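Across the two complexes that follow, chain A remains constant while its partner is chain B and subsequently chain C.
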Partner chain A sequence: MATLERMDWYDIARTTNWTPKYVQEDELFPPELSGTMGIPLEKWESYDEPFKQTYPEYVKVQREKDAGAYSVKAALERAKIYENADPGWRSVLKAHYGAIARQEYQASQAEARMARFGKAPGQRNMATLGMMDEIRHGQIQLFFPHEHVSKDRQFDWAHKAMDTNEWAAIAARHMFDDIFAARNATEIGLMLTFAFETGFTNMQFLGLAADAAEAGDWTFSSLISSIQTDESRHAQIGGPLIPILVANGRKAEAQKLIDIALWRSWKLFSVLTGPMMDYYTPLEHRKQSFKEFMQEWIVTQFERSLLDLGLEKPWYWDHLLDEIDWQHHGMHLGVWFWRPTVWWDPAAGVSPEERAWLEEKYPGWNATWGKCWDVITENVVEGRMEQTYPETLPVVCNMCQLPVNATPGPAWRVRDVPHMHNGRVYHFCSEGCKWVFEQEPSRYQGHLSLVDRFLAGMIQPMDLGGALTYMGLAPGEIGDDAHKYAWADAARAEHLKKAS
Partner chain B sequence: MSGMDKAHINNMVGPIMRQGALAKAVFEAAEVDNPGKKILMEDKVAYVRIQTEDEMVLRQETIEEMLGKPFKLNQLEVDMASFAGRIETKAGQIRFYFAKHL
Partner chain C sequence: MALFPLTSNFEGDFVLQLVAVDTENTMDEVASAAAHHSVNRRVADRPGYGLRVRRQGSKDLIPRTMKVSESGLKPMECIEVIWEAPAAAR
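Take a look at the complex of A and B:
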């Protein structure tokens, strides 16, 4: 039997808007869920998804993708890749799964909201597939780490992290809730699918896949790059919304939403991906620096697309380019110093060879961040371990929920950007985070950072032990140096030579 | 800033494929389907960037020929992890492009 080609019936099949007779249009599509912005229904119908897929095609292709990812896992299970992996690489896996896996379910709910409340039929069709994509991503990223739980309790955090008040989990939830869990169909299209998925997921899921392949972890490389093939399709949900918003006088709103999502994504990935790529991944397996991956995916690719769709560079673009040089070094130093408070074992990544690489990729590293690590290294060598642990809490930003930090050394640039609102002083790490707050103070004003909670007496006893209990970190889970301080061996040998 | 401030000024379009047989076939098809254009392939081990300036067309029958077996265009998604530029899907072909040349 002859069948019609897809393109001969696609447009008719997905034209599913109708004129409601029993309810008002706003009851069928409540503006607060649809994100109507006062634009009439027929204008949304001009939405034309550029990456078309039908349900039968979807099922067939997804089956093929899963068969690929699961068969790579099965084939390599006996190769003991995980057992033989560098401890720094294992930390990459733990941090990734804990921060990402459960958020995929949140993303699925966000896609479901677009599938139901999007006013454009094409958006609803693509979001139906996107909703199922995200369920796949949640399930597969819980299943893959599960085999390691019996060997290492920290892998339990793949499932557990988002249910705790661990600080990085709070930061991740605050950001993901803001850009998709608590947004309407139009906002999700712009913030989750356009800004986040055509921008930052590429860097995390493909940049990291390149490092994984170099490290010989083909299971992880194949898994996350396979996930990204779903993203490359459903990330296209947001793009076609932009011309509709621009044509109907809503360009400024579209720009603002994308700018918020991009800034917030940057801050979270500076603490998550930056340390993974530049410190945890074994030196010989680093495909590129974090900065180079940022340039490849965010600047060269994402920013170029933004301009093509008729939007502008975000107002903070120069701030972002500046921060790409240094922000993640401070995040890494903080994560390592407060290492008992994370569910993975941070790799210091500052052996002499690694420091030479950092200096090459980030000229000036030794004269700034290197000075901090000199002190830590000396304390480790001298056996003054108590001085390598924190006694106090950092000042945490009331937007990104991450420690306020900047490049140390002669050009001391640490800044606090305070903001008074309704009698409360909020502290921000940057003009970008303060700007996000100012766009909708009522959305953010009630949130207490971990430090706010500490000062409010919500964490008892008020010491590291109390904080760890509050964060749900049990002995056997709390982080320690990934390499048991072996990176200080060269300095130790030097020290002994001098002493003798 | 090693050219970071100018990096967004480029016109490179094309698919980013997971490594494998399909990526190779797509690169070969791109050379046939875009006569006169220089097709670049950048190998990042886990993925390859297949790119050219301003516009790239990929036809189903050319990819089939390079693969040596039947292939439907929607199967490209199995290994297409990302792409640069905008995409347009039509019967028998996919096009990557920018509306504006910078």
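Take a look at the complex of A and C:
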């Protein structure tokens, strides 16, 4: 029997809105879950998803993708790629899995909320597929690292991280809860899929896939390429919502939601992806600097998309462009210096050759960030290791939950952005994070940062040991320098030459 | 006498840090407590230089002998700890 071409029946098949007879429209689509901002049902029917896929097509393609990724893994399990990989690369894997895998499950629930409560039929169809995508991403990114748990307990954090009070896990939870776990169907479409996934897909999955292939890690490369093709489909759920909101007088609301999510996503990129690309990935395998990647794939793309869809550049655009130059250097230095508090081994990435690369990509790096690393390097060379560890906590931002930091050295520009609300002083890292708080203080005001918890006596004893216990970091899991300080060998040799 | 947390922004360093002092500590002692977490860890020492404390955003240095309890500083307020050139430090 001849079958119709997909586009001959797709529109009819997914036009599943009807006029409710036994309940009110608001009972079928409660505004707090649908997020429809008073826009009636029929207006949402103009939603036109750019990527159309049917369920049979989806199942066929996904089956092939899964078979591909799992067969690459099976074929390479005995190739000792992991054992022979650079320790910096192993840290990329650990950080990635811990921060992302469990959040994929959370994302599947957000997609499910769109699949049920979205008023646009096309959005519901896309989100049904997106929901299954995210379940797959959760499962595959827990299964792949599990292979390494018996060799390295830090890989256990792929599953464990989100159940702990480890600081990076708190930061990731705060951000993901805000942009999708606790949002309605419209907000999820704009904040998770449009703002976060469009950027994150490109940043974490496209950039890292290229680095993985360069590093010879075909298992990870095929895994994240497999995920990236899903993301590039369901990341398109949010875009078609924007013209509907703009046409119905809700441009300001759409703009605000996207601006919040994009700023919050940027902060996560700066601590997770920035160090991976510019410090952890072995020098010879780096394709682009984090800054180059951000400029090409995030800044340019977002600017174009926002304007094309009838929105404006976020008010903080100049702040973002400025931070791209330096924020991730500070996140990296912070993660490395407080290395016992993470579930991976940070790669310092500051050998003379790596510093030359950093100076080339970020002119002025040696005169700023390099000044701090000079002191650290000298301590390592002189064996003053206790001076390379912290004895206190960094003050973290009450929005992004990340250390408040900025450019050091003679160009010192670190500052606190305090804000008084209901008698409590909140500390922010930037005008962007403070602005997010001000948009809906009641949403954020009750949260305690790690420093707030410390001062409230929730971390006992009040020392590094107490903090590590609070964070769930056991011996064998706490981070240390990925290369056992080999990056300081050249400085050590220089030092010995001078002494002789 | 009571523990008093402050936010230290140390000149030349890259990050704000929690510094626990006492309400009876002088500004010189506060500066020294802040220096413990920055100098020779990520900030090179400057022999001969002194250290002074000021509120973030203010150009006015808080007198060296003033106690925390007399300074009007609030818990977790951000202080800037800055180097003072040898001539001025004398």
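FYI, the second predicted complex is superposed on the first by the 500 of 500 C-alpha atoms of A that agree within 3 Å, B and C clash if a C-alpha of one lies under 4 Å from a C-alpha of the other, contacts with A are read in each partner's own complex, and residues count from 1 in each chain.
Please note the rule applied: contacts are C-beta pairs under 8 Å (C-beta built on N, C-alpha and C of every residue); 3 or more make two chains touch, one makes a residue touch a chain.
The structure presented is a predicted model; accordingly, all values stated were derived computationally and were not measured.
Novice: Quick check for you: in the superposed arrangement, does A:64 touch first (chain B), second (chain C), both or neither?
Specialist: first
Novice: Going by the contact rule set out at the top, does A:415 touch chain B (first), chain C (second), both, or neither?
Specialist: In the superposition, A:415 touches chain C alone.
Novice: By the touch definition at the top of the document, which applies to A:376: first (chain B), second (chain C), both, or neither?
Specialist: The second partner, chain C, only.
Novice: Which partner chains sit in contact with A:432 here, chain B, chain C, both or neither? Use first/second/both/neither.
Specialist: Neither partner.
Novice: So, A:238: does it touch chain B (first), chain C (second), both, or neither?
Specialist: Neither chain B nor chain C is touched by A:238.
Novice: Is A:346 in contact with chain B, with chain C, with both, or with neither (first, second, both, neither)?
Specialist: Once the two structures are laid over each other on A, A:346 reaches no partner at all.
Novice: By residue count, which of the two partners contacts chain A more extensively, chain B or chain C?
Specialist: Answer, by number of touched residues of chain A: B.
Novice: May I ask you to decide whether A:390 touches chain B, chain C, both, or neither, giving the answer as first, second, both or neither?
Specialist: second
Novice: Looking at the overlay, does A:118 come into contact with chain B only (first), chain C only (second), both, or neither?
Specialist: In the superposed model, A:118 contacts neither chain B nor chain C.
Novice: Intersection of chain A residues contacting chain B with those contacting chain C?
Specialist: The answer is that chain A has no such residue.
Novice: For the complex, give me every residue of chain A touching chain C.
Specialist: Touching chain C from chain A are residues 330, 333-334, 337, 369, 371-372, 374-376, 379, 384, 387-388, 390-395, 403-410, 412, 414-416, 418, 425, 427, 451, 454-455.
Novice: Going by the contact rule set out above, which residues of chain B touch chain A in the complex?
Specialist: Those in contact with chain A are residues 1-2, 4-5, 7-10, 12, 16, 18-19, 44-47, 72, 74-75, 77-91, 98-100, 102.
Novice: Using the touch definition up top, name the residues of chain C that touch chain A in the complex.
Specialist: Going through chain C, the ones touching chain A are 5, 7, 9, 11-20, 36-37, 40-44, 56, 74-78.
Novice: Contact residues on chain A for chain B in the complex?
Specialist: Where chain A meets chain B, its residues are 5-8, 50-53, 57, 61, 64-65, 68, 198, 202, 205-206, 209-210, 212-214, 221-222, 225-226, 228-229, 231-233, 236, 239, 287, 295, 299-301, 303-305, 307-309, 313, 318, 321, 324-325.
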